[in-house]
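The structures considered in this document are given below.
Each of the two complexes below includes chain A, the first together with chain B, the second together with chain C.
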Partner chain A sequence: MTTVADMIRDIFREGSILPVDIATLSDSADLYTAGLTSHATVNLMLSLEEKFDVEFPDRLLRRRTFESIDAIKAAVGELLDQKAAA
Partner chain B sequence: MSDLLQRARRVGAEVAARHASAVDADARFPRESFAALKAEKLLGVMVPAEFGGAGASIPEILSLCHALGQHCASTAMIYAMHQIQVACIVRHGQQSPWHRQLLQRLAGEQLLLASATSEAGVGGDVRSSVCAVEVEGQRLKVSKNATVISYGADADGILVTARRTPDSPASDQVIVAVLKGDYRLEQTSSWDTLGMRGTCSNGYWLHAAGDVAQILPLPYADISAQTMLPTSHLTWSSLWLGIATDAVARARTFVRAEARKKPGSTPPGALRLAESMNLLQHMKSNVVAAARQYEAALGSAERLTALSFAVAMNNLKIGTSQMAVQVVNHALLICGISGYRNDSEFSVGRHLRDAHSAALMVSNDRILANTANLLLVLKDDPGLFP
Partner chain C sequence: MTADALSAAQAAFRDALIAHRLLIPMGVDGLYGRSGVFEDVIERFNLLVSRHGGNDGAEVMRFPPAINRRDFEDSGYLKSFPQLAGTIHSFMGNDRDHQALIETLLKKEDWTAGQKATQVVMTPAACYPLYPVLAARGKLPADGALVDVYSYCFRHEPSIDPARMQLFRQREYVRIGTADQVMAFRQLWVDRGTAIMSALGVPLEVDVANDPFFGRAGKMLAANQRDQTLKFELLIPITSREKPTACLSFNYHQDHFGHVWDIRTQDGGTAHTACVGFGVERIALALFKHHGFDVKAWPQAVRDQLWT
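For the complex of A and B:
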């Protein structure tokens, strides 16, 4: 079964979001240390919104939301839960 | 009026104004202004009281930049750039013993700090570095081909951005504070420019060595978003407003003199003066609203790193940098040839040349491109008041 983390990793791979291969990083690794720029963060967000059919509210549009795969997973999870409850 | 503002106005009117023409003509460091600012203990005002400073708030600092900008834009810009560096240490250095000691020295010795963010090879993209910090044991080394270090030769210390390690990507940066004695500057270019001539923003190869404790603990990305970017745009905007304010003051004197010569008829420049006042009010409202927004977000890393906050601070800079030139241009049209002359009391030539630096000091096109990118994901705020 593909997990949310796998789907997030697919986005990194397909969108060349990072200068390094995402497979070399753990879910808790700091993505900014790995070269994530604020410009790339926007592309990442757009791809996440497209892939999971969610919309990031302004409250989540901050640096820390995207600092690791774990953090992104938590944010996407929260948005998917909200969607399911709506 | 606060005591700090009174002191800054005195330095502005009695010292900076007197030497502004010479500083501009000779493109030299405004040493008289800085001797006076040091004597008035205005360099370390932002340092919290527990470290010996005055604990000045952001609105107070902005008022000081605004006051100085009305007399000598180079003095005001150097003062602003110094305060931006101090703000980074105040906000992000208090957990580090080395930087706590620096805070004490900033207040006690009134040290002047410069900034080396721009670098050859990355253009004006200050969120990327080519140079890197090299660490061996407890010692660090960094060499930077800095295209512009304003008042580098007259500063007591420099905040340098660099990649965290030689293996780090360009965007993974830290700030290192280096003090005179830690570094050597090899001048690579001079500063013979249209305006802001007294900032002496030469290019240098900077070679620094120091202790690893001199690296600010937080990544530069966070320091930039939370402090350096907002305080830059706020202090710069305040001094640009100062430039525009003085140009309008000259235009107003000109129009009044005309009115006195022909009582009963409104001089032709009066209408344009009214227009200038309108623009000036726009600028002021922008600065005041952004300052309030910054103060409200202070202390919350969440709010300071929100994309909507970055967009608001970007817009402040774009707006005031453009309006400063517009307002000074109006003043020029009002004063006519008297404003165009360099030897008249209505001269606004220096104001205009200084104001033109605003759009380039971090290129407005670059900032707009950054905002455009953020707007792809940012949602509209339907409310009037935050």
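For the complex of A and C:
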């Protein structure tokens, strides 16, 4: 079964978001240390919104939200839960 | 202060500056001529800045208020601030196109549709032209580089606030080197800038800031910039105490420009850059606001700083 983490990793594989291969990084690895730039974070956010059909509210539009696969998974999970409850 | 009250205060200050013949209106919000007195304040302030920073060995570079379009495209400016950019367009047609242009103009219709982009773009910030120049010189020396730039800059944000002009000047010192070198430089100028402005007798505070990035993506860029404390501003109240005006800014660009133009430090690493920017019109406006429209009546201690 494809997990949310797998789908997030797909986005990194499909777009050139990081200068390194996402497969070399663990879910808890710091993506900024791995070379994630501010502008790449914007592309990442837009790709996540498209893939999961969610919209990041202003309070989540910050650096910490995208600092690792784990952090992204938590944010996307929260948005998916909200969508399911709506 | 409500938005209406703020607009009223801005309009009143603008009208007073015009009435005292310090600014000359040109019929477009944010576009003004400057009087001799206004220019003298700016010239004196620039000399004051040079007295504080002039012994650091900065290389002086003066560019016209426009840059090479390709450099502008490479800079990433359009990713962050598409709404502020000013591109220069010209007529590039033949006789028939010229005839059509004249006819459209006479009918007072939009004649600009046929204008084509030139290779020239208005300078968005005074430091933009210098990065490709430095990159072309090859690796930086071990102690990096320090450049003094001063230029008119254009930003498309028409406003009745005289402190938000569309064409204004920035004086900047720009440091290019390792992260440690440029961070030390920025802290030096936070201290110097605060000392310079304190001695000019204006109320001020230094605070974390963000640039006016465009759109929803911009919200995130702004939050990132604040989280990482990449930008500080020295703020002085001009038309509002609650919303003071940024007159100086202290910016750490990380390796953004170093990466874009492949500027290398002596050891081969990507160069980091930082700059201190003085918004000289805003500083003059702050001085007129706090010390009055007659420079001869300014406090002697302030006059001594400028007219020594």
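Here is the rule we go by: the second predicted complex is superposed on the first by the 86 of 86 C-alpha atoms of A that agree within 3 Å, B and C clash if a C-alpha of one lies under 4 Å from a C-alpha of the other, contacts with A are read in each partner's own complex, and residues count from 1 in each chain.
One rule holds in what follows: a residue touches a chain if its C-beta (ideal position, glycine included) is under 8 Å from a C-beta of that chain, and two chains touch if they have at least 3 such contacts.
Quantities reported herein were computed from a predicted structural model and do not represent experimental measurements.
Chemist: Clash or fit: chain B against chain C, after overlaying the two structures on chain A?
Modeler: Once both complexes are aligned on chain A, chain B and chain C clash.
Chemist: Between chain B (first) and chain C (second), which does A:19 come into contact with in this model arrangement: first, second, both, or neither?
Modeler: In the superposed model, A:19 contacts chain B only, not chain C.
Chemist: Examine A:58 and indicate which partner it touches, taking first as chain B and second as chain C; both and neither are also allowed.
Modeler: In the superposition, A:58 contacts both chain B and chain C.
Chemist: Considering only the touch criterion stated at the top, classify A:36 as touching first (chain B), second (chain C), both, or neither.
Modeler: First partner only.
Chemist: Have a look at where A:45 lands relative to chain B and chain C in the superposition and call it first, second, both or neither.
Modeler: both
Chemist: Under the stated touch criterion, name the partner, chain B or chain C, that contacts more residues in chain A.
Modeler: Looking at chain B versus chain C, the one contacting more residues of chain A is B.
Chemist: Between 97-105, 133-141 or 151-159, work out which stretch of chain B sticks into chain C after superposition.
Modeler: It is 151-159.
Chemist: Under the contact definition given at the top, report the residues of chain A touching chain B in one complex and chain C in the other.
Modeler: Shared contact residues on chain A (touching chain B in one complex, chain C in the other): 38-39, 42, 45-46, 58, 61-64.
Chemist: Taking the complex as given, what residues does chain B use to touch chain A?
Modeler: Chain B residues touching chain A: 127, 164, 168-172, 219, 221-222, 225, 301-302, 305-308, 370, 373-374, 376-379, 381.
Chemist: Which of the residues in chain A end up touching chain C in this complex?
Modeler: For this pair, the touching residues of chain A are 38-39, 41-42, 45-46, 58, 61-64.
Chemist: Touching chain A in the complex: which residues of chain C?
Modeler: Going by the criterion above, the answer is residues 76, 79-80, 216-217, 219-221, 223-225, 227-228.
Chemist: Residues of chain A touching chain B in their complex?
Modeler: Interface residues on the chain A side: 19-20, 32-39, 42, 45-46, 49, 55-58, 61-64.
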